[in-house]
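Each of the two complexes below includes chain A, the first together with chain B, the second together with chain C.
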Partner chain A sequence: MSLPKPVMRGLLGKRLRFHLPIAFTLSLAAAIAFKYTVTEPRKQAYADFYKQYDATKEFNAMREAGIFESVRPSGE
Partner chain B sequence: MFRAVFRLSATGARSLARSQQCRLAPVATRCYSHGKVESDEEFDARWVTYFSKPDIDAWELKKGMNTLIGYDLVPEAKILDSALRACRRLNDMASAIRILEAIKDKAGPHKDIYPYLIQELKPTLTELGISTPEELGMDRL
Partner chain C sequence: MLASRALSLVSKRAISTSVCLRGGHGVAKVEDYALPVYFDRRENPLPDINYVQTLSPEQISLKEKEKGSWISLSNEEKIALYRISFKQSFAEMNQGSAEWKSVFGGVLFFIGFTGLVVLWQRKYVYGPVPPTFDDEHKAKELQRMLDMRINPVEGFSAKWDYENKQWKK
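For the complex of A and B:
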């Protein structure tokens, strides 16, 4: 029983035509998923933090803690 | 920002579609909009002729094989027959066996190609006294 002739041309082309669109789609999906599960929540967290941020109050708290050299706590 | 992404991906998709056209022709056809695409038979005949040169030298044999291996195809039995006879003219048993190893590798995951080619080349291999890598135990690590 002799073997039939298989397809011997264009094998890589066929594989790429199948796999490349899938690869690009999955990569794009991964990037979109990362954007909306990681970077957007992160940006929102920063925005929420700074919405109510009082720079002067924080500065005075640090001053009283005595960490600055240029301005000493109000007690001294 | 998303509009920029969509614009880029649209052009990317279009150029990918354009290059898909060229990939349909597996071998050395350049992506001209003019110019004839060579048929499979013409391609095969050209390579059979290349290896049939009576005074082919070792460099031309190696160059021919390396170029042939670069294409997106497994060479036809008649091209390989011509190449093996060129090896015989050059007294190069090593290259003959290497050609068999190379076509097995070119077939990749398609395991039906190599047995078929060995079947087709069996008369030539017997006539020229070429052993296959399997017969020599060279197909295992």
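For the complex of A and C:
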């Protein structure tokens, strides 16, 4: 019965040396993925929307639909 | 020879009666729960007492042999000594069981039962839903949301085609 003596020290250090680089890489990858799948398309969508946006036209359309209380549709 | 025997008898009696000499109160009874107990726990490896309290004759002789050099102990004797002191080895106490299947099954069963309870409540306890939930009211609600241009960039109104008055393909 001569089993080898098990490792008694440095267990936390070994675990950290293994897991911390993985954790950092995965977090970085998640951040980069979120940036390029969510925030960049969103910024582009807003830019495109406001490129062709006519505020007066939109306002008049909303007015005719009758949602405002201060300005009634032009017919009334 | 006889005198020493008589003396040992007297001294034994003296010890056993010394308790009663203390005003007749004696010592408090020691409850079972106040004594040290044996336990198998991974985080607490050395219990307060040995597992086997009353040794058999061969165990007593083994304990005597343990007082000598340990090289002379065979493997079986070492294991026997271990089993005197401990009930389960670490491998035995750490092994998993199949209990999780019962637990998971029970959890799912009671969630299902809760679903039935909720259905019964919906039918027999709660009153009717407000009138604004019928189709005509909901259609008016949606039209008003489109008129107000709710979320026109990426959300609700962005998916509506205002020119052709239909949802964008």
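Everything below uses one rule, namely that the second predicted complex is superposed on the first by the 75 of 76 C-alpha atoms of A that agree within 3 Å, B and C clash if a C-alpha of one lies under 4 Å from a C-alpha of the other, contacts with A are read in each partner's own complex, and residues count from 1 in each chain.
Everything below uses one rule, namely that contacts are C-beta pairs under 8 Å (C-beta built on N, C-alpha and C of every residue); 3 or more make two chains touch, one makes a residue touch a chain.
Please read all numbers here as calculations on a predicted model, not as lab measurements.
Enquirer: Counting touched residues of chain A, say whether chain B or chain C comes out ahead.
Expert: Partner touching more chain A residues in the overlay: B.
Enquirer: Figure out whether A:45 sits in contact with chain B (first) or chain C (second), or with both, or with neither.
Expert: second
Enquirer: Looking at A:5, would you say it contacts chain B, chain C, both, or neither? Reply first, second, both or neither.
Expert: Once the two structures are laid over each other on A, A:5 reaches chain B alone.
Enquirer: With the two structures laid over each other on chain A, which partner does A:65 touch: chain B (first), chain C (second), both, or neither?
Expert: second
Enquirer: With the two complexes superposed on chain A, say which partner A:75 touches: chain B (first), chain C (second), both, or neither.
Expert: neither
Enquirer: Contact residues on chain A for chain B in the complex?
Expert: Within the complex, chain A contacts chain B at residues 2-13, 16-17, 20, 24, 28.
Enquirer: Could you pull out which chain A residues touch chain C in their complex?
Expert: Result: residues 1, 42, 45-46, 49, 58, 61-62, 65-67 of chain A touch chain C.
Enquirer: Please output the residues of chain B touching chain A within their complex, sorted ascending.
Expert: 9, 16, 20, 23-24, 26-27, 40, 72-76, 107-108, 110, 112-113, 115-116, 119
Enquirer: Which of the residues in chain C end up touching chain A in this complex?
Expert: That would be residues 75, 78, 144, 147-149, 152-154, 158, 162 of chain C.
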